[in-house]
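Reviewing the structure listed below.
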Amino acid sequence: MSQKTFGQALNEALTIALEIDENVCIAGEGVGVSIHRDPNMPTHGLLEKFGRRRVKDTPVSEAAIAGLAVGASCMGLRPVVEIMFFPFITLASDMLVNHAGKLRYMSGGTSSFPLTVRVKAGVGFGAGCQHSHNLEAWVAHSPGLKIVWPSTPADAKGLLLSAIFDPDPVIVVEDLMLGRMSGDVPAGDIRTPLGQARIVSTGTDCTIVTYGAALYTVMEALTSLGDRGISCEVIDLRSLVPLDKEAILTSVRKTGRLVVVHEAIRFCGFGAELAAMVAEEAFDALKGPVKRVGAPQIPVPVAPTHEKMFKPGPEDVVTAVLGTMGK
Amino acid sequence: MIEHRLDPDLQTRLYTRMVLTRTFEEKIAELCREPGRMPGMQILANGQEAVAAGMVSALEPEDVIISNHRSHGHLLARGADLNALMAEIMVKGQGVNGGKAGTLHLSVPDLNILMTSTVVGAGPLLALGAAFAQQYKGSSGITVVFFGDGAAAEGSVHEAMNLAGVWKLPLLFVCENNCWAGAQRLEEHCATRHIFQRANGYDIPGRSVDGNDVEAVYNLGLELAAYCRSGKGPAFMEALTYRMRGHGEQDPQDYVDPKELERWAAKCPIRGYRQKLLKEGVLDDVQIQSIHEDAATRVEAAVAFGDASPYPGPETFLSDVFVQPPSV
Amino acid sequence: MSQKTFGQALNEALTIALEIDENVCIAGEGVGVSIHRDPNMPTHGLLEKFGRRRVKDTPVSEAAIAGLAVGASCMGLRPVVEIMFFPFITLASDMLVNHAGKLRYMSGGTSSFPLTVRVKAGVGFGAGCQHSHNLEAWVAHSPGLKIVWPSTPADAKGLLLSAIFDPDPVIVVEDLMLGRMSGDVPAGDIRTPLGQARIVSTGTDCTIVTYGAALYTVMEALTSLGDRGISCEVIDLRSLVPLDKEAILTSVRKTGRLVVVHEAIRFCGFGAELAAMVAEEAFDALKGPVKRVGAPQIPVPVAPTHEKMFKPGPEDVVTAVLGTMGK
Amino acid sequence: MIEHRLDPDLQTRLYTRMVLTRTFEEKIAELCREPGRMPGMQILANGQEAVAAGMVSALEPEDVIISNHRSHGHLLARGADLNALMAEIMVKGQGVNGGKAGTLHLSVPDLNILMTSTVVGAGPLLALGAAFAQQYKGSSGITVVFFGDGAAAEGSVHEAMNLAGVWKLPLLFVCENNCWAGAQRLEEHCATRHIFQRANGYDIPGRSVDGNDVEAVYNLGLELAAYCRSGKGPAFMEALTYRMRGHGEQDPQDYVDPKELERWAAKCPIRGYRQKLLKEGVLDDVQIQSIHEDAATRVEAAVAFGDASPYPGPETFLSDVFVQPPSV
């Protein structure tokens, strides 16, 4: 166990995967030679260590990068490709949604696609809406694709390793706003199972479900909620598909309340699924309205003032929790 | 191009494959005319048999094929099981993909017919990955991808050519230029008359061939496959041919000049080749007849097999989405 | 007022738009010369009537078709483009999501994009998941885009005309399964306002919100529900963005129950937003769990047997309504 | 190419525009070194000033420009207001786009700088629509789109060339080949050394030019713009130049051979042109100095203007998504 940043943890996962399985290869724009010589880059040093055969810099061709992964995985490789920023996933979406996610079903189960797509997400680095647009809800609505979103360096490593060795296509979201955060990371080939949420803190009055950087916004809110004598159970999903429904339902059946928090746009966001699922399957347990905290239905703005308004803050979480209590 | 005389056995095989494809597809066309008989959209390649038979016959077993919506000929030339193929086209449970592919998405990984996509232009991207895997593994196989003149307008084809060109992948692009993309003629959707020339912009040798001449396709296919196999990188073949039956079986082709159809009917790849083989003494009338009868018998049997197979049942409805379905 | 099919109604809308505004033009694959010489095709006869300058057949290039619309609309035209089937919208999604939807915001309001995208949706024509994949939830989660989904020939005409003359980008979904249905269609330049739902039938026990072909599944279920003495209020959304929240909330406040029905995949589908919204904003009025009827999280299958299982049927609606009543 | 001697006023203008761009961008680079001073990613075009100044100066006011992430030179050559431009780059409320574009998405529709996208390869598709609108309206304007050598790998560029080629749109593609796409050198991301030759595959004349020679760019720009304007269809210019400061201001360029940088520094488009103009007697040292001083003064004023402008306030946060916001 040692302290690592998010980037270092991801780097460790990639290194281990490349070491233990000859079928693992890495491709993407700048995954080998990068404009950032930064040990916090998940792909830092991989080219030097594993060479040009296994670490492939690509042209600026997102559709080709995704196609490469689909075709190569169907031939038995375990490609790990990078789509630089979440909004660029649009350019790869035919390959991912109509091919990676569907071809196995249509093959009648004879083909499989053990590929991993790493993609950077997050709001708050001032590049605006063509670089920032959290689209996890799109992926989750696409059958045949799995998606995980780690919020700690340990899970970053564990989920990425699980994704790479999963027999199905998995999208691994890397939250840019967590890149330099550090935490304890166990050594070796550790795997965080897909589909298992993590209870970050236990509580009795309200369940808060979140993932990614939003977890830390929630944690900030806990103090102020605690001051008011409100005890919250915080669930970090880690994996959106497959979804750990049981963890959520069990908690809500206990607390009777649910707040969902993410940085994506609220309207039709992933939180809508969580809220709807609970309103359907744990209705009887609910003591108050289900509240969703997320961004307004506008593009991610560029100005620091606007970015701050766009991103849910701890006060929004507090308001939502109070809202579930009719306060 | 190597212009050597082909072995008579091979010539017979080429002819037989074309006849089988034609017979198979004419049967499908016939079934389509029975209301409610064939589900989904049926898209046939009548007139294009020489491209499929010629190109696929030039491949080695380890070579991978990626196909598109007009795939029957590619599959049949590769030796796909007629019964299971017809059953799949009828979307039956005993089809090659258990009734989950239908006519548009047929794949037979055992024969290295790896994937078929009906998203126009997707094939070349899938092929990129397959060819990359071959290169990565040091396999002697190459990947061949079939796509249309219409597909050549999709950005995906360009991305595939560029990346294959940079990485020198063993990828043979085969553009079946059948003069039409849906109801749009070549001049309306393509800014060049010579699609193969675009390959030069990616440091890829581009060649064109009479797609109705099965031996020409075979010879060029052999040559370009050898080029790819030798590690020199990708190659590009444009096969000039014609789509005789319209885009799909619902297409009355009323936008096509009947004279154009007549002109191309006169260039029928099967009749042309038959005359050549008769003239060269490779086959005689009796043998020809038996090839056609054989094909008819096998196709009838396939239809009977398909008819006898039930539609897939509820047990496979939810399966095959994931290899490892969510445990939670 | 006369009887028209869906296709004829759409055709009438396009004809009127082309007639009254020189800036309206049509583009797409086969919108001029088509493989179907069928008066039920929305674009039937337009080329003959308006000529090649205004009715443009394009290459098979979805990104270019969408880019054409974005660029031309920014120059003051009102392009109406077609993306043949919903799954192909992936190929146009960078242009639609990252450009049509965002460039106005980033211009600070100096640019606008009065474009319309027509797209065919629906499940049940046997072509499988690369032709059938209802992605309205994707569009709804993309800021700056509006989306409508008519369920009657009259609304098909009225919504398409409103979309074309709306100053913002609008996606108009044409439900393939309704193509040959006919109904009364008023003559002339009629406009169905965006953002106004239609109460199809009033009732007291449960609100059913739906859109598109699913409406008819709901209507089929009404008889059987009526037989059981259950009175349902049916709301046809017509417009998903902007959403007529008030119509939904008012109805749920009256009935105390909500069932959402669509043909898209349930998981992260548009219905999740509706259910979540009601669980948040009308919680106190709810007498039972919110139920969602939709497809399972798998690709649209090809076999007729499987297609039937995939598509929600009247019995699913009945079960859901009973479910809201604890039955 | 027309090789006539340019008018001295024009020569002065070309020089002045390059100097203004260089001064403006060096100031931004300087501000970037003050921690926390410049929000977002700053991407500069030092070394490429001749392409922007030469090409944009060859345009008419009705011509439309579509730009990319390396846009400052295009905007400045077009005469965008320095103060409002700098304020926008600082993401301030008095910026050209009210602080909602930032440095990467600048647009000034009043000057027909219609749109700027930072999605690599998007520009050519947007340009397709703009050029179509010009053709549709019978305008005499043309559309010019700037994109990089890296962008040339995106499928979008191919789709744009094909459709522009089929419809003969008045669209001038300008590929600024600055030898790099991020940290990937041309050979690593592009399957050809001569991107302009791809244009032939779309029936589009493709030409290459020394992108560090402002007069050469101007002359070829004029010629190709005239071609597009005449209704003959699209044209393609590849301008060979070099990105002197790395991909963005956070890029230490440690992957670049310092000798390569030196070689290109010696080809500085501004110094080279200054020597030419001095030699030709178009400008003397005093005039040169005053041009540089003027630029410095204007840039300082712009920074002061930007500094004085507040960040956009809450009132514009939700606005401008729709022209007609939902009433419900």
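Each chain carries a letter (A, B, C and D) given by its place in the written order, and its residues are counted from 1.
Throughout what follows, contacts are C-beta pairs under 8 Å (C-beta built on N, C-alpha and C of every residue); 3 or more make two chains touch, one makes a residue touch a chain.
None of the values given here were measured: they were computed from a predicted structure.
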item: Chain whose Cα centroid lies at the greatest distance from that of subunit C; value: D
item: A-B against B-C, pair bridged by the larger set of C-beta contacts; value: A-B
item: For subunit C paired with subunit D, centre-to-centre distance based on mean C-alpha positions, whole Å; value: 40
item: Approximate Å spacing (C-alpha centroids) for the pair subunit A, subunit C; value: 30
item: Rounded Å distance between subunit B and subunit C, as computed from the means of their C-alpha atoms; value: 36
item: Junction residues of subunit A, two or more chains touched; value: 58-59, 61, 63-64, 87-88, 91, 94, 98, 105-106, 128, 130, 143-144, 241, 297-299, 301-302
item: Subunit B: positions in contact with at least two other chains; value: 99-101, 105, 117, 119, 153-156, 159, 162-163, 166, 188-190, 316, 321
item: Touching residues (chain side subunit A, partner subunit C) in the complex; value: 87-88, 90-91, 93-94, 97-98, 101-102, 105-106, 128-130, 133, 135, 137-138, 140-141, 143-144, 241, 264-265, 267-281, 283-284, 286, 288-292, 297-299, 301-302
item: Complex contacts: residues of subunit B adjacent to subunit C; value: 39-41, 91-93, 99-102, 104-105, 117-121, 150-151, 153-155, 181-184, 188-190, 246-248, 250-252, 254-255, 311-314, 316-318, 321
item: Subunit B-touching residues of subunit D, taken from the complex the two chains share; value: 153-159, 161-166, 187-192, 195, 197-198, 200-204
item: Contact footprint of subunit B on subunit A as seen in their complex; value: 25, 53, 56, 58-59, 61, 63-64, 66-77, 79, 94-95, 98-99, 103-112, 114, 143-144, 146, 166-168, 194-196, 241-246
item: Subunit D-touching residues of subunit A, taken from the complex the two chains share; value: 29-30, 33-37, 57-64, 87-88, 91, 125-128, 130-131, 296-299, 301-306, 309-310
